[in-house]
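What follows is chain A paired twice: with chain B in the first complex and chain C in the second.
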Partner chain A sequence: MTDIPDRRTVAERVAAATPDGLARKVSGFSDRTIAWLFIGPTIALLLAINIFPLIWAVYLSFTNYAANKLNATVAWVGVRNYSRVLSDPDIWERMQATAHFVVWTIVLEVLLGFGLALLINRQFRGHSFWTTVVLLPMMLSPAVVGTFWKLLFQTQIGPFNYVVSFFTGIPPSSFDMVGSVALAPWSIVIVDAWMWTPYVMLICLAGLRSVPDYIYEAAEVDRASSWRTFWSITLPMVLPFLMLAVLFRAIENFKMFDMVALLTSGGPGSTTELASITLKREAFEKWRTGYSSAFAIILFVTIFGAANIYVKALNAVKNR
Partner chain B sequence: MRKLLLSTAAAVVVGAPLVGATGAQAETLTLCWAAWDPANALVELSKDFTAQSGIDMKFEFIPWPNYTDRMQNELNSKGKLCDLVIGDSQWIGGAAENGHYVKLNDFFAKEGISMDSFLPATVYAYSTWPKGSDNYWALPAMGDALGWTYRKDWFARPELQAEFKGKYGRDLAPPKTWDELKQVAEFFQKREIDGKTVYGAAIFTERGSEGITMGVTNALYPYDFKYENPEKPYDMQGYVNSPDAVKGLEAYKAMYDCCTPPGYTNAYMQENLDAFTSGQVAMMMNWFAFFPGLYKNENVGGDKIGFFVNPEEIVKGSTLGGQGISVVAYSDKQDAALQYIKWFAQGDVQAKWWSLGGYSCAKSVLEAPGFADTAPFAADFLVAMGQVKDFWQEPAYAQLLLAMQERVHDYVVANKGTAKEALDLLVGDWTEIFEDEGKL
Partner chain C sequence: MAEVRIDLVSKAFGTIQAVEDLSLTVADGEFVVLLGPTGAGKTTTLRLVAGLEKPDHGRISIGGRDVTGLPPAERDVAFVFQQYSLYPHLSVYENLAFPLRSPTRRVPEDQIKATVTRIATMLRIAHKLENRATRLSGGEMQRVAIGRALVRRPSIYLMDEPLSSLDAKLRGELRLELKRIQVELGVTILYVTHDQIEAMTMASRVGVMEEGRLVQVGTPREIYENPATVYVATRLGQPAINLVPPSVLPQVATPPGTATIGARTEHLDIRRADGGTGTGIVARIEHLGDQNHLHLDVAGHHLVTLTESDIALDVGDRVNLDVRGALFFGADGRRIAA
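Up next, the complex of A and B:
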C-alpha cells in the first residue's frame, strides 16, 4: 500500500492542526493582524534599543548636553558640534589612522586568508587538525589578544623582537613595536591580521568549496593551465565571497576599539588612536556628549553610506 | 498544643530585640577607593571602626588606571555602590557642583571637627570648592605628592663615586635640581652593575589616564609653571606656554629621551614600581604612598633604598596626589558614613593610620615632635607637602586632563612638534573647554 502525498499548503496544514478553541479565538483576526502580533514584540524591542537611541543621539548632537552635568541647562547649538568635528585637524588625523588600519588589515587578511584557503582546500594528512589550528586566533577575545601581544611586543623580554632579531640581526631592544611612531601603526595591523585572517580564510574556503567540480573537469579537458584555471574559474567564482569578507572586516575594523585600546591605548602620542577610541574618550572620559553624538552620527553615516555602495557593487558581481 | 504556642510566642518576644540588635550590627558601609598599598592599610585600620560601631565595612578597590572612569560613571549615574568615596583631589569641583558629594560644613560644626587640625595645603586641595572658600566636601584622608626613590647602595659605591666626581666635580648624591637629575640619570644609563645593564630613571609616560600629565607637571612646577594669570582667572596665554614652562617640558622630554629603559612609552606607577624593584633603574619617580612598601621590599628596600624630594629648578614644586574622603549624596546610609568620617578624624585614629602606612594629613601627626624620624621618607614627605601644586580641579577637569595627556604625550613620546607648539596647542584646547563651560 502506498502513502498518498499530502498536497495541502503548509498554512492549510497548520490551520488544520490548530485546536478548535484557539482557532475560534483568532478567527476574527486578519492574516495581517496575526502577522503584526508575531512581529510586534520584536519591532517594539528594536525601536526601544536601536531606533530610539539613534534618534536620541541625533537630537543630542545638536545640543551642548554633557552626561556628567545633570543639573546643567541643555541648549540647542545647531550644527556647531558637526562643524567642530569636521573642522578639527585632530579628528582628521584619527580618521587617517583609521583608514591606514582598515586598508592595510584588509589587504593583508585577504591575501593571506585567500592563500590559506587555497592550501587548506587541498586534501592532505592532518588537514582537519591544521584547519583547527589556523582558526584558533579568531576564537580568542580581542581584549586577551591585545594584552598578550603587548607582552609579545615588549622591547626587552618580548619574543617578537627576538624573532625579528634572529632573522635580521637587528638588536632586539633597539626597536619598539608599540612605542615607536613609525612602527606602532603596523603593530596593530599585524595583530589584527593575525587574529582575523582565519575568518577571511573560512569565508574563502566556503567559496572554494561551492565551485562545482565539473567546471574544473571541463577546464582540464580544455587543457587550461593552472594559472588560467585560477584566473578564469577560481577567482571569479570566489569573488562574491571575498567581497563579503572584505565588507565584514571593513565594518568591524572601522569601529575597532578593544584590541587597539589594550595594545597601544592609542599611543604613542595619538599615532594609533582610531576613530572609535576618540569617540569613547570624547563621550565617556571628556563627557562631551553633544560633540561625541555628532561624531558618532558622522561615523555612522560614513559606514552606512560606504556599505551601501559596496553592497550594490557586490550584487553587481553576483549577478554577472 | 497551647504550651507550644505560648513557648513560641515567648521566644518571639524575647528574641525580637536580639534580632534587632543583629540587624543593627549587620549594617554595612561600602567604601570605594583605588587598589593600591594604602588601601590595604585602610582595611586594617577600619577593623577598629567595626569593633567600636558594629558597622561592617566593605571595600571596592579599583585599579588606578580605571579608577576615575569607573567612579565618574558611578557618580554621574547616581549609583548607590559607594557610601563613602576617597576621591581624587581633581574630582572635587565636579562632584560639588553636580551634587555627588554631601556638603560637610554642618556636620563638621556639629561634631566639632575643625579643618584647622589638618595641614592647610591638604584642606585647600582635598576639601574645598570653590577653591579657597570655606565649603567643605571632604575630610583630608590621604596626603600624597610625587617624590623620588634612588638606589642608595649603587650611589654609595666608591668606584661610581670617584667616576662621577671626576666627571661632574661633585659627589654622586640625590640631585637637587632638574639639571642634576638628568646628569645622574645619564651617568647610570646603560651602565653595567653586577653584570646587568641598568638605566637612569623611571618616569611617568602613561597616556590613557593621567600618568604623563602627573609626571610632566612634576617637571613644570619647578620651572615656575602657572596655570593662569593670578590677576585674571582662566587667562592662560603666556602662563601655560611661558618660556620657563617650555624649558620645563623640554627638561622632561630630555629625561625621557636620554635616561629611561627601552620601550618606556606607556608607564605609570605600577610600571615604575616594577622597573625599580627589579633593579632596572637607579632612580624612580612615584607617589609617596608607595614608599612604605618599597622600604620593606626584600630586593631593593632597607639600606638599599633612599628617597628625595622632587628637585627644584627656578622654584620648588611637587605634583600633588592624595585624596579626601567624602559621603556620596546618593547613599542610603549617610548617617553611618558620617559616623565613619567622625571616627576617622580622631587624633589617635590618624596616628594609627600613619603607622599602618597611610599618609595622615592631621597636624597632630605631622607636627608631632619626632615625626620626621618615624620613617626614612617622613621628612621628605613634609617638605614635599609644603611645596605641592595640583592640576585644575574644575568641573571640566577630565577634559582638561585628557587634552594635556594628548598634547604632552604627542611631544614627549611621539616626538611631534616642539615643546612650545605642544603648550600653545594646550592653551587652545583649554581655552575652548573654558569657553564651553561659560568661564571665558
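Up next, the complex of A and C:
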C-alpha cells in the first residue's frame, strides 16, 4: 500500500481552499435564474418588436383604424376587412403576379443553381475562384441590384438590350424590359434569378459534397450509366438540400419588396405589383390600416401554412 | 474468369509510397489473400486492379488484356468495399439488382429477380430485401455489399475485408460459403483480410504485404512453415511466434549469424522441472476454453505457447524447455537455413 498524506479527493481540497464569500455569491442564484437572466433581454425585445405588433395587427384588422387619422373614433368592424380583401379582384391579380414571380424564380434558380453546382463540383482548376465570382451577386444589397438593373435595362443606353440584340438581331430600342406590360413580369424574374441562383447553387454544392466518393466508385465498378448514377444516387442525396433551398427562396420571394420596388415600382400599371408592394401602398399611401392589416394577416397565414406543409414533406424526404 | 497479372506496379499519394514495385499473378480460379497490417497498401492494391487508382508506373492485365489505362467499367471486376458503400436511397433488392441493370449487360427482369433471390437467400438477407439499404445493421450491410458482387460473374472479385463486421458464427459460415462458391464455380478472387483464420482456410496462396511491398507469396502452409523474414513469421500463428535472442535458449544449436530464434508452440516442449532447477517460470495461464495460453518467463523474456486445458502446471512453477525445429533469423530479419 502506498502512503497518501491527504486522503481527500482533489475536488474536496479545491472546495476547502475556495474563499467562503465567493462560493456564496456564485451559488446565490439558481441555474434557472441565471438562464432567465441571460435570455430575458432577448425575449423582452422579441416581444416588443415582433410579437406585440403582430397581435396588435390582428386587432387592427378587425377595426376601421386609419393611422393618419389619429383622432377619429376606432370602430370594430368584424371580418369586413377580410371579406373585402378576399373579394377584391385587384388583390387576386396581385396574388397572381406574386405567384408568377415566385414560381418562375424558383424554377430558374433551381435549374441554373443545380446545374452550376454540378459544374463547379467537378473540381476543375481554379474552381474556388469561380465559386467566389459566381457568389458575388448574392452579396449585393437588393436596393443596389434593383437600381443597377434599371440602368442595365435602359432602352437607349442599357447594355442588356444591346446584348440581346447582338444574339437575336432585334433592334435594341424596339423593346423595353421594364416599361412593357408583357416583359416587366419577366424582367423581375430575370433579376431575381441573377441575384439568387448563386445561393441555390451553394446549397446544392453542400448537398453534392455530402455524397461520399466511394458510392460513385461502386457505381462505376457496377457499370452504371451516368444518367442512372445521377437519378439513383446524386439526385436523391441532394434532394433534401434542394427542397430546403426552394423553401428559403419561396418564403423570401413571397414577401419580395425592395428589389422590385426599386426596379419597376410595381409598374407598368400594376403588372409587377407584388403582394408586399400592394400592402405598403394600402398601409402607407392610402392609409387603410385596418384593411392592410387584414391583408397582412392573410399573407402571413398563407406563407405559414404552406411552409408547414412543405416542411412536413421535407422531413418525409429526409427520413426516407 | 481470367488470370490477373500485376507487373511492377507503384502508387504514391504525395510523399506516401502506398504500393511499391508490386508484382503478383492471380491465376484463373485462384483465391489469393493479401495479408498485412493497417496502412500496408492492401486496399490501394485492390483499387489499382479495379481501376479506381491509376498506377504511377507498372502494368496490369486481366485475362491477357492490358487494362492499365482503362476505366473501372471496362475492366469487368466486382469490388466489395471496406466501407460497404451501398446505394443509400435504394432498397436491398435494388442494391443487389443494380449491377445487373447496367445498360451494357441487359439482363432480363425475371433473371434479375431469380439471381437476386438466390444470392440473398445464400447470404441470409432474403427477409430484408424490401428494406432501405441504410436501415440495416452493419453486418447486414456488409452482406448486401458481398451480394452485390456475387450477382455478377466478373473476371475477378476484389474483396476488401468483406467479413470484418460479422459475428464469429456468421463469419465462419460465410467463410465456408465463399470458399464453396469459389471452388464450385472456379472463380478468381483477390481478397484482403486481417483475420489469419480466413487467410489460412480460404487462400490458395497468401501474399504478405509490408509498407507497400509484397514480402512473400506462397501457400498458407509455406508462409506458416517457411517464412522468409521475421516479419512474415509474425503474420501467421496464434499465439504469435515467440522471438528471442539465442542467449535465452542456450540449449538450441543455432546456425552461424543467428540473431533471433523464432519458436512457435509446436517447436516447444515444456516439462515441469523438479527441485527448482528449470530455466523458465510460469507467469500466467489464460484459459481459452478447450486450450490454455501459457505465459512463461525465460531469462527475462516473455514466451507464450498453447497447451492442453488439463495441464498440471501452476503459476510460479519452474519448467524446462525443449526446442525442436525452431526458425532462425539473421540480424537483417532474413531467414537462415537450419
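Quick note on the criterion: the second predicted complex is superposed on the first by the 279 of 320 C-alpha atoms of A that agree within 3 Å, B and C clash if a C-alpha of one lies under 4 Å from a C-alpha of the other, contacts with A are read in each partner's own complex, and residues count from 1 in each chain.
We adopt the following convention: contacts are C-beta pairs under 8 Å (C-beta built on N, C-alpha and C of every residue); 3 or more make two chains touch, one makes a residue touch a chain.
As the structure is a prediction and not an experimental result, all values here were calculated from the model.
When the two complexes are overlaid on chain A, chain B and chain C sit side by side with no clash. Residue contacts after overlaying the shared chain place A:Lys255 against neither chain B nor chain C. By the touch criterion defined above, A:Phe284 lies against chain B but remains apart from chain C after alignment on the C-alpha atoms of chain A. Of the two partner chains placed by the overlay, only chain C lies in contact with A:Arg320; chain B stays clear of it.
Contacts of A:Pro236 after superposition: chain C is touched, whereas chain B is not reached.
In the superposition on chain A, contact is made by A:Arg228 with chain C only, not with chain B. After overlaying the two complexes on the shared chain, residue contacts for A:Ala218 are found with chain C alone; chain B is out of touch.
Of the two partners chain B and chain C, it is B that touches the larger number of chain A residues.
With both structures placed on the common chain, the touch criterion links A:Thr271 to chain B but leaves chain C unconnected.
With chain A fitted onto itself, chain B and chain C come no nearer than 51 Å, counting C-alpha atoms only. Here chain A touches chain C in the complex through residues 212, 214-215, 217-225, 228, 232-233, 236-237, 320, going by the rule given at the top. Chain B contributes residues 69, 72-73, 76, 78, 94, 97-99, 206-208, 261-266, 395, 398-399, 402, 406, 409-411, 413-416, 436 to its touches with chain A in the complex. Of all the residues in chain A, the ones that touch chain B in their complex are 64, 67-71, 90, 154-156, 173-174, 176, 178-179, 181, 264-271, 281, 284-288.
Chain C contributes residues 50, 52, 71-73, 77-79, 81, 83, 85-90, 94, 98-99, 101-105, 132, 148 to its touches with chain A in the complex.
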